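Each of the next two complexes has chain A plus one more chain, namely chain B in the first and chain C in the second.
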Partner chain A sequence: MDSDDEFMSGLSSQDEDFGGVEESDDGSLGDEFDEDNPDVGFSQDKDIKPGKKAYEVDFKAFSPEDIQSHQDKQIDEVSAILGQSSEATAILLRHLRWNKERLIEAYMERPDSVLETAGLGPESAQAPTTKVVKGFTCEICYDDIPGLETYALKCGHRYCVDCYRQYLAQKIKDEGEAARIQCPTNGCHRIVDAKSLDLLVAAELKSRYQVLLTRTYVDDKENLKWCPAPNCEYAVECGVKKRDLGKIVPTVACACKHRFCFGCTLSDHQPAPCLPVKQWLKKCEDDSETANWISANTKECPKCSSTIEKNGGCNHMTCRKCKHEFCWMCMGLWSEHGTSWYNCNRFEERSGLDGRDAQAKSRQSLERYLHYYNRYANHEQSAKLDKDLYNKTERKMTGLQLTSGMSWIEVQFLDTASQALQTCRQTLKWTYAFAYYLQRNNMTEIFEDNQKDLEMAVENLSEMFEKPTAELAALKVDMMDKTSYCNKRRVILLDYTAQKLKTGEWKFNVDIAMGA
Partner chain B sequence: MAQKRIVKEYSELQKKPLDGMRISLPSEADMHQWQILIDGPKGSPYEGGVFTLHLSLPTEYPFKPPTLSFKTKIYHPNVTNDDKGSMCLGMLRADEWKPSSKIDAVLSFAKALLLEPQPDDAVEGGIAREYKENKKEFIKNAKAWTKQYAKK
Partner chain C sequence: MFASKRLGKELTKIHQTLPPGISLVSASDFKEWQMDIKVLDANPLYLDQTYRLRFRFSTNYPIEAPEVTFITLSSPTRLIPIHPHIYSNGIICLDLLGTQGWSPVQNVESVCMSIQSMLTGNTKNERPPGNEEFVARNTQRPRDIRFVYEDATV
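For the complex of A and B:
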């Protein structure tokens, strides 16, 4: 702690070294992601930005139509390789959770068993039609009236069309099934294919069926995730794998502007990795109020560290657990108090010091948590307040246009500033959760400096929003400067943290590797 | 549609009853609620007892599975040890049920379960553990319960 300066000077040169290392390292990590992602359908459109920062990942947002056409493209491609109809190929692909390579390999080795397990059994090429069978009794409803329309999949299990329809409707509507609906026969695992469905199912269910099918495509693919924003129908593609989540925080942005973590689909939580974030949220949920209360209202027994609330009475405490007798005021041994009961003025005595030491130690972890939690919560709260303030300002933006004669485009700096504030506060918030789980070393000093710089920049900008609208026009240039400074500080902080995360230089006091 | 099938299944089971089972309708007006009496199968710890079961057919039957429950208390890993006596495994689960499955299969399934419990799909973890680790104790308890609750 005393040698702050040494650490700083030592690190700043080291820091430059890392600048060089970072580029090559960044490249290799990128390659690794690419190798893991041999998905031709999507990776073509991948844009690799030239000056990519360490905290940025490649991603792309897809509309429902995009997702559909990607599916179709892959089906066509594989269908040509396997020599199967596109219906059968679609079933096979869904059956193997869209793992194209595995499907082709397995199919080449033993086509019959692959078809069988996917519910496609021995082929008897015929276009699906319903038909009337003489002397037929439906095994579901026991109806046997002559002229009953019936249907069977290629397995030959025949039922009346009404029963088939009701069966499919229930699967699609009530159970949300699509890709893996089986023949209604007990023990028959043949999958109802898209053509049969088309033939039997009512139009309004068909669209639902399509939605469900598309959904399974995204759900099955490791490199696709639904945007978690309410009512957003887009999916985002990103090559970061679960096992990489200890080394990178993959924040992606959907076409709807929502920024979320591809690893855990929570809102953007850079710079903190997914696992600490999860633990932090859990801890906050469980502990925060309790910890605050404990901190304000209790002390620990100097001997056994049990938490004690003094709810009245004198200063002569007897720990209920270990029977240790001490003074609530000075935390010293009660036996040394002599006759000066009820009036402790023995602050400097040895036993009191020891007592307070023990107290301080057990308090430390609690206070440490509260230190980070309060700052975390503060930024969360401030982000909300900033937003409120901005909403008020927005209404005044119209006024500003009138009073200062500025055009709509010229008052947009307020919008830009507000968005920068939101993003920076989001980052700041998570720097505290990150720091809570961080073990101290000389890099944490740099981290904290970055944190402090960003915090100051943010507070300076935030302050400007409180100015009366009339003054805002004159402050435009200043505000734009402060906005870009905020963004710059944020990039510096995130880049530094992400670099060290990639190289595994941060030491955490929790496990950060997924599935470890 | 369901009515026709239920009536037919019921009359077929009356014509050709399953071994050791008697089926009746508690209310003639309601074909959806059946009562079944099962004799504890020979060679099982339930031998000598008679168990009352309740079979309820949902309005969506046969597209949704029937629910089967023990009205007589029974010491069994797959039957809840409460006043419901419910079971939820195999073909009784909505995702495994197929509309072509018949009630006689459901009842045969229940009987087979008395002969051979499925501890890996248990609703009563404690009984399942005992069944797997201390069969002797399980048999003793199951017999005692049969004697106490399922006496003819």
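For the complex of A and C:
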């Protein structure tokens, strides 16, 4: 497996990047996540170390402050190596999409061309200032009044300060650009550096600029992704590469508790890998299945081609539109059926047979899809209901405290149960999409057994959960057992699936490798 | 405010002189101007034709690109020129008219000249691929369309 080397090297560089998290003053987050994810490197050949399941991956969540400090730290480091100012280093790093090694290497080889392509050009150390130039006409506003304050980047393209400000404001505010704003001149690729920005831009835009810069950092890094939860400002780091997505489903959890797939940023879809998930969602969303249904349940009038659904009755069809009379069985003219009315004896004819075969096949594939879809949709629906239930949980907990005299701590089992229900349903839901794309063999039977066990456990727990508050106190031990049983079944299912995925033992009826 | 100052100055210059084949039709306000352009050489695709360009300016012009499209008229006859980067509804796929390619140093005259030379250099008697579907479905303003500039040579 030649990908292992790169995979591990990806991890080690990421360790370098973020190694300082515990030392930084805001290291609490890193610590919190360390507990959940013991520091075991994920690798494909050493397989699973004790305490870590095959479906788990290492990840860390970072706050905006963390991200900023990592960024600053890297800039300092590289700036010391290159002997460039931190502003210039920041531009260089952003230019090479934060690939530190590549930057240092390229810079050592040919510093001038690296600086030039990053828009830095020949270095002149003085701080940027605005200037009044005699006889100047601004090429943006065409103003030529004397005493106009002007500014130019090192490329020498000079504009009046007002226009420059407008230009930068437009780029930052409306177009959301930050790291790669170029000189306003047509065809000039000089990048507006942080110092120039500082000089020209109003204070309220500076914070927006910083936000955007931080954003490009996360966008550029392959091992960082924004948490997709609404209003969440955290980013999650994970070493799983795009090309490994056929072998692992990298589910991560943000500091905001949102669980999502690092590969595609959709909500947690274990055990199904990203590509089948995408195909499944598309399949469910578009009307290809409507078309399938139509082909399975309808025929076209042989004369006017109107689509007709036969919803009962005999084979003598009269098209409502064109009044054409035909036989539903053989699609032939009704008048040719002579006396064998209501009983088509031309049924065994070759053309009739072919038509029937095609229809049967289409119906079969539809039924297969519907089998999985109904179960998938059912769990999705139930998860929604469970969520409502979760919102009521707190009330139930308070109610239970009142009726049973239990303490807040003692009623926590309801919360735990509710969370388990949701996670398990999420998993169950995706097992059906997964199974739809699976080719049948012995392993699928084990998979289905696991699925059945989990499903039964979940339904049991779900039923208990709905009992009136008064009965809940008596059920506490039972419920706790069921909760932990559910979680256990889920782990077993996920672990089994993930192991086989890693070793490539599942056979799919679609391609599951993502990219190369 | 920003736009009107600049457009006023552009207009003064346009009234003085314009390159051959480009003429001002109307500029009654600082929101919308119309220009006529002609292809000067003997390119058979555009021979003896005049085309009407409509410029729409936001108040943030020239920081923001103007919206530039061809429009049709019955009298005088103005059609949409045939070109692999011009859709039959008049929308022009040209990088300098998009957010990425626009530079505030450009002006009405330079845009007209760019479009003029885009026509002059063309030999293909065809619309962009997917023209019918684009024309039927597009509801976006030209500046918000994310064109892919595949071919810089045409």
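Simple rule for what comes next: the second predicted complex is superposed on the first by the 391 of 516 C-alpha atoms of A that agree within 3 Å, B and C clash if a C-alpha of one lies under 4 Å from a C-alpha of the other, contacts with A are read in each partner's own complex, and residues count from 1 in each chain.
Keep this in mind: a contact is a pair of C-beta atoms (placed from the backbone, for glycine too) under 8 Å apart; a residue touches a chain by one contact, two chains touch by 3 or more.
If you're wondering where the values come from, they're calculated on a predicted model, not measured in any experiment.
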Chain B and chain C placed together on chain A: clash or fit? clash
The chain contacting more residues of chain A, comparing chain B with chain C, is B
Touched partner set for A:Glu410, first chain B, second chain C, both or neither = neither
May I ask you to decide whether A:Glu505 touches chain B, chain C, both, or neither, giving the answer as first, second, both or neither?
-> neither
A:Tyr167 in the overlay: touching chain B, chain C, both, or neither? Say first, second, both or neither. both
So the chain A residues that chain B and chain C both touch are 139-143, 163, 166-167, 170, 175, 184-187
So, in the complex, the side of chain A touching chain B is made of residues 139-143, 157, 159, 162-163, 166-167, 170, 175, 182-188
Chain B residues touching chain A in their complex are 1-2, 4-5, 8, 60, 62-64, 91, 94-95, 98-101, 105
Touching chain C in the complex, chain A uses residues 139-143, 163, 166-167, 170, 174-175, 184-187
Listed in rising order, chain C residues that touch chain A in their complex are 2, 5-6, 9-10, 60, 62-64, 96, 99, 103-106
